[in-house]
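This is the structure, below, for whatever I ask next.
When the chains are written out, they are named A, B, C and D in that same order, and each has its own residue count from 1.
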Amino acid sequence: MMILEHEAKALLRSVGVAVPRGTLIKPGTRAPRVRDYPVALKAQVRSGGRGKQGGVIRVDNAKALKAAAKKLFATSFGDEKPEVLLADPWLPFDRELYLSVTIDAAAEGYVVLYSPKGGIDIEDGPKPARYPIGAPWKFRTHELRAVLETVEKDFQLRERVISLAQRLVETAAARDCHTIEINPLVRLKDGELMALDAKIVYDDWAHYRNADILAQRDGERRRADKLLRASLEMGHMYVKLDGDIGLISGGAGLTMGAMDTIHQLGGKPACFLDASPGPTSTRGYKPAFALLDGDPDVKVILVSVFGGGTHMNRVANAMKANMATRKSKKPVVFKLDGTYVEQVPGIFDTFGAKNHVSLEAAVKEAIKLAKRA
Amino acid sequence: MMILEHEAKALLRSVGVAVPRGTLIKPGTRAPRVRDYPVALKAQVRSGGRGKQGGVIRVDNAKALKAAAKKLFATSFGDEKPEVLLADPWLPFDRELYLSVTIDAAAEGYVVLYSPKGGIDIEDGPKPARYPIGAPWKFRTHELRAVLETVEKDFQLRERVISLAQRLVETAAARDCHTIEINPLVRLKDGELMALDAKIVYDDWAHYRNADILAQRDGERRRADKLLRASLEMGHMYVKLDGDIGLISGGAGLTMGAMDTIHQLGGKPACFLDASPGPTSTRGYKPAFALLDGDPDVKVILVSVFGGGTHMNRVANAMKANMATRKSKKPVVFKLDGTYVEQVPGIFDTFGAKNHVSLEAAVKEAIKLAKRA
Amino acid sequence: MSILLDQSNRVLVMGVTGNYGKFFVTDSGGYGTTVVAGVSPGRGGGDVDGVPVFESAHAACNATSADTAMVFVPPHLVRAAAIEAIEAGCKLVVATADEMPVRDTIEIRAAARANGARLVGPNSPGIISPGKAKMGFMPSFCFMRGPMGVISRSGSLSYEGSKRLTVAGIGQTTVIGIGGDPIKGTTAAEALALFHADPETKAVMYLGEIGGTEEAAVAEYAARKDAKPVAALIVGKTAPPGKKMGHAAALVGSKADSHAAKTKMLAKSGVYVCKGLSDLVPQAHNALAAAS
Amino acid sequence: MSILLDQSNRVLVMGVTGNYGKFFVTDSGGYGTTVVAGVSPGRGGGDVDGVPVFESAHAACNATSADTAMVFVPPHLVRAAAIEAIEAGCKLVVATADEMPVRDTIEIRAAARANGARLVGPNSPGIISPGKAKMGFMPSFCFMRGPMGVISRSGSLSYEGSKRLTVAGIGQTTVIGIGGDPIKGTTAAEALALFHADPETKAVMYLGEIGGTEEAAVAEYAARKDAKPVAALIVGKTAPPGKKMGHAAALVGSKADSHAAKTKMLAKSGVYVCKGLSDLVPQAHNALAAAS
């Protein structure tokens, strides 16, 4: 999960990385404690491309700050409105760099990426230099130096970048981060490096050994509405889309495969909902049904599960129990397959449900029902 | 440097280790927010042996809490009075264990120590089981399991201890701790492990990559008086002793050697003061003189330096400059030796100082002067 | 032939006394997998469905010459169990668990590399060589022996895809689930190299997703002059950019991660790109036809 | 003979363009040390007092066959420089820096072990084989060639102790500063093993401190039947328990760390224990007398 810029900067500060001494501004703050102007007022949102969407405003005095804050709080970035703003001192610098540490399959672990020209256009520029590390303890300053030798000619700057990169690798490993990206990393007039912006993506699954990650996950759930929260607490993964066929599936790949099939056959998926991480019991599927039943955009629900360790007799029984207590009248289409699927028709017969044999048939049925609704 | 129990517990909590939900009580707090009694009221001090000195009191109600808090705030542990107290819930448990991770020369790095019987008498019991690891990434659960196989018979408990030990090793490495000691580690009625007490010793020199360590160092300096603070800020290492011969030396070994020599020849050292980490300039030695000049217990100052990379001509010139601006009339005895010592007599002649050739002669002179004062 | 797994692998089950471990012993043993030992600290000496249980992987390997490990322990213990098996001498370790911190996978890979071993997974259905052996919970009826190697980033999609092949009469040499995590014990590139070297594998079906860089390796292989024919299905065409689709690696971060970019790149390298699940069997036929 | 260092070591200076590096080239070169190369990233191509400067340890070792490295960089960079030198092929690395995080030393030791190299230090004066070569800033006049091996946990104490020996006519094969940190590149036990194997060393003088476990290793060695005679001075008799005396390792934590416990243990093992600095020369004579 991605954390906010000011949270990422706090983490970097805690490991000795220089970041601006910014001020947090919450909605309704009458007199923000900003002493020196100008400042960069920055919307704290998780979506990318904030800079290009006007999410950073240079502000020269208290009055302008008020106006800019009002404007940013009212702006949506992607599907997100900022809950807080960060006012960072506007610092003069003479170079803008890009430095990140992330994980990479080919590197078998961590990789350092560096570009001597950072900033908001980084994606359009030449590819950053790449230092594959693998396990974090295999980081070697001399190897990174060799990678950067032709990339960064200023050797004093290069040495600072190398030390910083090592700190970031150690931090990514110690704090279970998928990515720590500093863009721009700037060189101040005195030669020191400072992280003017920072993006950190935590490893969700390290929540048991990092209380910060647990708190972020709890925050994510707190921000969700009641119906979604119940589903998230079951471990489900959910992304809302703009269609009308509510999809309850298992496994990310098949869920996307079903979404694509719906699209291909002329329908529109209402969501990505992977219910496989939850328990395959009545309890496990209940919040998924409640979520889609409660969503007025959803006209029909398609349950598409292909289980190996997930046994289909259990899933079929869970469906039966859920259908019995469900109040919504939205139609449900089933396509269950996998281990013990031979027991499904017998169970489905007891409550009048039909199990489609092919995904295409199930999707066609769902599209038909959605159009009719 | 050692941090306080409640700070250590906060660090452990941040990495997912179970600790009691305690309440901090500062001096003058009228109504501490303790809801459930009984609690263990614990003096937060850095010195060891707190339990045996009555630093932990079981308290059954709000009135008793007030009285116990008053008593603890008034008690000295070693040379330390608690600045804050911790009220932890009094938890029922069925076993008290000992678990620590520390560094060890023979292990070439980290070592895990475990004893199936923890508590305040741990030092008098049998030696804990020892699992040498070396570099933190060499920790192996199956190796620790083999070490503990005969030590801890309860295999379910053993597995929990192994997981916790791994967490502690990773934390020690990630947060630059010399030692993380949990004593007692208790097993609650539900089988979960909890750290009822915790001791963490940070690595002072990792301050540049761990803001917590920097803050602790700053706190140490803040707690020091003005004269000592100036010396600490120069990097000097100082421990006050109960004698009258103020010692300014360089290098821990020779400083202790000089202290021992003073003692052996019938004097009493007033301090351990290793000024070698500071700059060998007027600036570097000035706070050391100010500190000892300002200490009424110090009757005479003995400067004993044997330098390799520290050049004696520079030290002699620094002494000259310091003696010229110094207001105190306390006598100073010099014994400088090492690189460029041949230049010392010439420099000393210019301000009438004498450089002793042997430590014994210098110490005898200092003892004589101290007795005369 | 097949890759990595057949009846000759001597399989050790880490966490054999748990529910998954017990089911695996019975289910995969019934399929033909040679399960020789289990490990469960504190419970050594017993047995699970006739398979002896040991205190440690070391003891198990010594006693049974196990050379392959299947890991069924909770996510936070997978690193420990996998590394224990590797250091006890297992040359192939399969971890199906999801919810594993990626740093743990990195550490297992490092241990595997240091010991000349291979990890498959995590967050993967495992691996099956139809008619020979399986390491995982795949529904056996979806698979049959034949000429196609299958690589999949997703578990359920590999079942769906393999069943479609099987129903169409296209059997598989081996189906390997490389998993949905960003760090994989075995990458697509490595799986392709294994299929390339396997004489029985005539063509490869790759089941991929948006996000990550695995697909670049597939395109790179397919572009080789000596490459075996490759067909591929990339799911996630309808996924919005910037959102994680379940799998930690299934996120369109940059433009190269998108469905359009990936399918274009694959097609350009000569891969038979499926237009969707319904197009899987026709493209598989095309790839096999190109092989002869 | 001597241990670890003589004129045949080809010395590379990491951080050669700093003040310490420059002084070392001149000072130790004048003493007899064979300084062949320096490294200073960004400043390669120049020279320091005739010693060529390279961009990397790898380049320096390739060009000059350097096999020994002296590290003079700020404390937070020592780990990087030491590991670079080790991986470039240096078999002996001396780091004198104090203020180094102990985790960094642990990582250097791991790299040294993986590459069959040895670290001396950190927080150490270095090593000198009198009349042959020195790696460090020891005042040369304190030392002379002779039969006694010296091991010291403290820099200035090693100067004071060695000068007393020299003035009394007792020369040294090698004086090694193992350093005051809790993790050492070379421990007392390892230094003793080296002196034990050196035919020219007749007896060993050990200069120790309160705290830590090094002294246990000294006692263990001295108790061996084939041990060379050992004399020892342990400083810190007047240090209060529970306070760190400068060195991170010089802290009486448990009872075994105290001055009384250590001297008792050493005496019991047959070590000639000095009552104080003034007793150093008499005990050195006793040890040497026992050697003949």
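Going forward, a contact is a pair of C-beta atoms (placed from the backbone, for glycine too) under 8 Å apart; a residue touches a chain by one contact, two chains touch by 3 or more.
Since this is a predicted model, take the numbers as computed values, not measurements.
Peer 1: Find the geometric centre of each of chain C and chain D from their Cα atoms only, then give the gap between the two centres in Å, rounded to an integer.
Peer 2: The separation of the two C-alpha centroids amounts to 53 Å.
Peer 1: Per the centroid of Cα atoms for each chain, what is the distance between chain B and chain D, given in Å?
Peer 2: 26
Peer 1: Out of chain C, which residues touch more than one other chain, so two or more?
Peer 2: 76, 107, in rising order.
Peer 1: Spell out, as numbers or ranges, the residues of chain B touching 2 or more other chains.
Peer 2: Only 135, 137, 173, 208-209 qualify.
Peer 1: For the protein chains shown, what form does their contact graph take: line, ring, star, complete or other?
Peer 2: Per interface graph, the chains form some other shape.
Peer 1: Which two-chain combinations touch?
Peer 2: Listed in label order, the chain pairs in contact are A-B, A-C, A-D, B-C, B-D.
Peer 1: Contact residues on chain D for chain B in the complex?
Peer 2: Against chain B, chain D makes touches at 20, 23, 75-76, 96, 98-103, 106-107, 109-110, 113, 125, 136-139, 142, 152-160, 163, 180, 182-184, 187, 189, 207, 209-210, 212-214, 217, 233, 235-240, 242-250, 254-255, 275-278.
Peer 1: Residues of chain B touching chain A in their complex?
Peer 2: Answer in residue numbers: 13-16, 135, 137, 167, 170, 173-175, 208-212, 214.
Peer 1: What residues on chain B touch chain D, complex-wise?
Peer 2: Checking each residue of chain B against chain D gives 47-48, 78, 103-106, 108-110, 123, 134-136, 138, 173, 176, 178, 203-206, 208-209, 237, 239, 241, 249-257, 259-264, 269, 272, 274, 276-277, 305-309, 337-339, 341, 359-360.
Peer 1: Would you tell me which residues of chain C are touching chain B in their complex?
Peer 2: Result: residues 41-43, 55-58, 76-77, 80, 83-84, 87-88, 107 of chain C touch chain B.
Peer 1: Chain C touches which residues of chain B in the complex?
Peer 2: 137, 140-142, 145-146, 149, 155-156, 158-159, 162-163, 166
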